[in-house]
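Take a look at the structures listed below.
Next come two complexes, and both contain chain A; in the first it sits with chain B, in the second with chain C.
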Partner chain A sequence: MLAIQLAFKNISGAGFRTILNIAVLSFAFVVIIFYNGVLEGWNQQARRDTMEWEIGQGQLWVPGYDPLDYLSYQDAHGPIPETLKPQIAAGQLAPVLVAQASAFPQGRMQGVVLKGIDPGQKMLKIPTALLEGQEAEMPALVGKRMAQSIKVKEGDQLLLRWRDKNGAFDAREVTIAGIFDSNVPTIDGGQIWLPLERLQEMLGLPGEATLLVAGEGFTPFANAPWAFKDHDYLLADLDMIIQSKKGASGIVYGLLLVIALLAIFDTQVLSIFRRQKEIGTYIALGMTRWQVVRIFTVEGAAYSILAILLGAVYGAPLLWYLSKTGWAMPSASQDMGISIAEKIYPVFGAGLILATVLLVVLSATIVSFLPARKIAKLNPTDALKGKIQ
Partner chain B sequence: MKNIIFLSALFLFNLAAAQDADAILKKVEENMTSDNRVFESEMIIHGRRGSRTITSKTYSVGDKQSFTEYLSPAREAGAKMLKLENQLWIYSPSTDRTIQISGHLLRQSVMGSDLSYEDMMDDRKLTDVYSARLVGEEVVDKRKTYVLELTAKVEDVAYHSQKMWIDTERYVPLREELYAKSGQLLKRTTLSDVQKIEGRWFPLTIVFKDMLKQGDGTEFRMTKVQFDQEIPAYLFTKAALKQ
Partner chain C sequence: MESIIQIDQLTKRFPAGTGQFTALKNISLEFRKGEFTGFVGPSGSGKTTLLNIIGSLDTPTEGEVTVLGHSIAQLSHKQSAQLRNRHLGFIFQTYNLFPVYTVYENVEFALLLQHMPAAERRKAVLDALEWVGLTDKIDSKPAQLSGGEGQRVAIARAMVKQPAIMLADEPTANLDSKNSHHILQTMKQLNEELNTTFLFATHDEKVMAYLTRIISLEDGRVVKDDVIMMDNVMED
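Here is the complex of A and B:
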């Protein structure tokens, strides 16, 4: 208790030096929470969007299908297994057929991926209902990125060329029945969504699909004819991106923290150098050397407590405001191929705040202790005389 | 009774037209194919940013074997292509590697032209793949031509139907149009500069145009053609690609 009282008394006596130390450390504290909150917010939003727009509760893939290998698309289709048809009828699975094609917007040739989906599906947020009840013979849906890339708007015609299962060319114009806005680029860029039955007919593959999207209520079972891919598998790339981003941002806020801690370290070294008579007096009054070390260590650690309090004063309303209004992402980030919203809403969990508090207090205590160890080696008589050692 | 006579006459007319068309196609094939052929050519690819010319020398035996060496420009010089039956290999001197073109790679454009590797691979006779029908006569480039409509009789064919304009005297196609199953025109080939070489009429310039794309297409001009030459057998081996 005496150590704490002395620590706060000394800190308040240090004046402007204290204010600087606390300000820098509190800034580092707020930035750490902000960075991690943004990453957590992005992670949660990207996972939620990817599930809602693309992967549902998991996917069942036909053997040989690899979404990253376009060459696999040619053969990646098969009749929907009989054992899975009851789940499709119950609305627990939505079949999707994938094929390669070429689009010819304004006379340019562009490789595209055609995806056939049941217009009545409710599992994914893609507005497939727009594919139903259209006057157009061949309605199609595209995402906003694709629409921008091929410069089409709702109601426009787009010429497509594809090959059927036998390799015969076919070409036809489709009508853009709708343009959807999704944060998930993997269902948007270079893709055109068509009614499943129409695509099956175009390719000569009636009753076939490439993958099945699982919805609520679907339970994967052993020996399923198509391999079930769960969230861990389907979101592995996203997890790796988040991890790598955390590493990169750790360097930035780590540097900030090091600067703040360096200031505390310097303050401690200066204090021990300038306050030798005080140290000698403590020892002369009966304190052990390690008790004096403790006073100085607590003094350093007290900076972190004050920094946290100061950070809470201005950081709490600031971070709360950001979590409500979101942090706008640059428009270019929408085309990077990863799920990222126009605005990220940071998520500041109790775990994140507690972990950051612990990090700041512990690191400040350690850098305060390191120079204070020198006190244990001081000769009290010399210290009382104020001799530099 | 009148209807029966009309339908019978129509059937007989169609049968005769089909037989005529097959005979015409056969004559075209006799004219255009040879035991072997050696030719030097230049391929002029017209793109949006200008044109570029690639020269090459090709040795071919029937429709099944061919060996092409690219001569210019410097970037393409030394590249070689070998086709044996339904297999295709390409040798790149910059990497000193030989790769087999298969699957989807066959659908890629040949050096940015309007031709795909697959277009070069289909070596089946037209009469084996298509049912032909003579639909009339037209004048193309001041030459009288038969107009044939070809419809696929097998499923594994790239173009469901074709239309050909064949010179009535020389039995050389002067124009070809390739159609999708839906009837959409996909490619047009225009053949010109027809000359008599070693007793046969042969078009020396062919312009390939992808009708779905903008641009002026790809011009393929044969600068020197020789038929029935002595071609060493080793040329049609993979080992010849690296020589």
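Here is the complex of A and C:
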């Protein structure tokens, strides 16, 4: 208690040096929280968008289906199991049929993935309702990335060629009925969405699907004919990307923290050098050396506490504002192949703030303790004379 | 009168370059309660070293120093800190006040270490400041004080805990004649009223005029130990 009292008194008397240290450390504190908040916001947003647009509450895959192996698509289909049809009828499962094809935009050929989905489904946010009630014989939906890639707009015709179940080539023109805007590139890039029954008919696979997207209310059951893939499995790649981004960002905020801590370390070293007589006097008046070490260590920790308070003064409104208005991402980020919204809304949870507070206080305490240990080895008579180099 | 400090065959050496420098050689002395004694001698004669060892800020190389029954060489860091905190007061040439504390806080410091209750502490601090005539400066910072006032604060800080022994290292070296006498009279009064033992390291004639015992040191040895009567105190 005495150490805290004395430490606060000392740093309040240190004037500009204190202000500088606190300002640098508070900046690092706010930036660390901001960085982590953006990542957390992105993480939550990417997971939420992927669930809402692509994977629902999980998926049931036909045996042999591997979304990363295009060659598996030809055979990755099967009749929808009878045991699952009640759930489809109840709107708890939405069948999707996947096939490989070629598109011919502006006379060039481009490999695409055709995905058939029930236009009436409400499970995913893909605006499949646009596939219904169209005058066009074969309506199709594409995402904005795909539209940009093949240079099509709503109402344009696009020639598709595919192989049916017997391996025979067939071709047809589809009409772009709508272009949807989604943050999830894995339902967009290189993909064309068609009405399920039309695709089944094109492939000669009536009543068949590649996967079933599960919605609210679906409960996976044992011995299901198709393997159920849960969120942990389906979001593993996304989680890995988020983790690697966290690692990279950790370097940035680690550097910021090091700069701030160096300022404290430097101040403490300078203090111990400049305040030798004070240290000697503390000891002469009856303090043990370790009590003096404690004062200097608490002084460093107090810098971090004041920095956190200062950071709260300007950081709290700033971060609150950013969490409400969002942080616009550069347009190039849309082509990165991962779910990034045009705006990320940072999420500043209590856990994040508490962990950052602890990190800043703990590291400031450690860097203050390191030079302060020197005091324990001081000869008080040398300290009183100011002889220490 | 009871003996409170015994020094027996004290030798102190310091490392100097590749060899050693002997600061004190075979010193044997004894001090009784209530003495107003000074170590005098030229620079390098060992006055401050002797004071530091008595104050348990340093330890003997050889010999035995016993202060209030405690052998200085045998004390742990914690025990010597306790001895200084409870029983010893220090007054320095450069006052050594804490620059960021007020006068009140500087004086209060030693009592905070003793964990004295707040009300008792406040009374003791105000009494000490009244003693040295600085009650009107309690909220001032050391930088706002004159040299004489600074040293009076240092005396108040040393006496507030009513130590048995006061160790003053060149207390008047930075003061003018008038302030020196004022300080010395304050210390003398303290010595007489509370029976506090004062040990000075000095080569100031003004201080010597107040001493009741003068121990002359030269090259780390005691060359003279004179007991003087009190009727020769100088008035400015």
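Here, the second predicted complex is superposed on the first by the 387 of 389 C-alpha atoms of A that agree within 3 Å, B and C clash if a C-alpha of one lies under 4 Å from a C-alpha of the other, contacts with A are read in each partner's own complex, and residues count from 1 in each chain.
We adopt the following convention: contacts are C-beta pairs under 8 Å (C-beta built on N, C-alpha and C of every residue); 3 or more make two chains touch, one makes a residue touch a chain.
Just so you know, these numbers come straight off a predicted model, no measurement behind them.
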| query | So, does A:Arg373 touch the first partner chain B, the second partner chain C, both, or neither? | reply | neither
| query | Is A:Lys125 in contact with chain B, with chain C, with both, or with neither (first, second, both, neither)? | reply | neither
| task | Classify the contacts of A:Lys246 with the two partner chains as first (chain B alone), second (chain C alone), both, or neither. | result | neither
| task | Check the residue A:Thr381 against both partner chains and state whether it touches chain B (first), chain C (second), both, or neither. | result | second
| message | Output check: A:Thr281 vs chain B and chain C. Expected answer is one of first, second, both, neither. What do you get? | response | second
| said: Please report the chain A residues shared by its interface with chain B and its interface with chain C. | reply: none
| said: Under the definition above, what is the set of chain A residues touching chain C in their complex? | reply: 2, 5, 9-10, 12-14, 277-278, 280-281, 283-291, 379-381, 384
| query | Where on chain B is chain A touching in the complex? | reply | 103-104, 107, 152, 155-160, 178, 180-182, 184, 186, 210, 212-215
| query | Which residues of chain A touch chain B in the complex? | reply | 70-71, 74, 100, 102, 104, 106-109, 159, 161, 163-164, 166-172
| said: Under the stated contact criterion, what part of chain C meets chain A in this complex? | reply: 49, 52, 55, 57-58, 77-78, 81-82, 84-86, 90, 92, 94, 96, 98-101, 105, 109-110, 112-114, 157
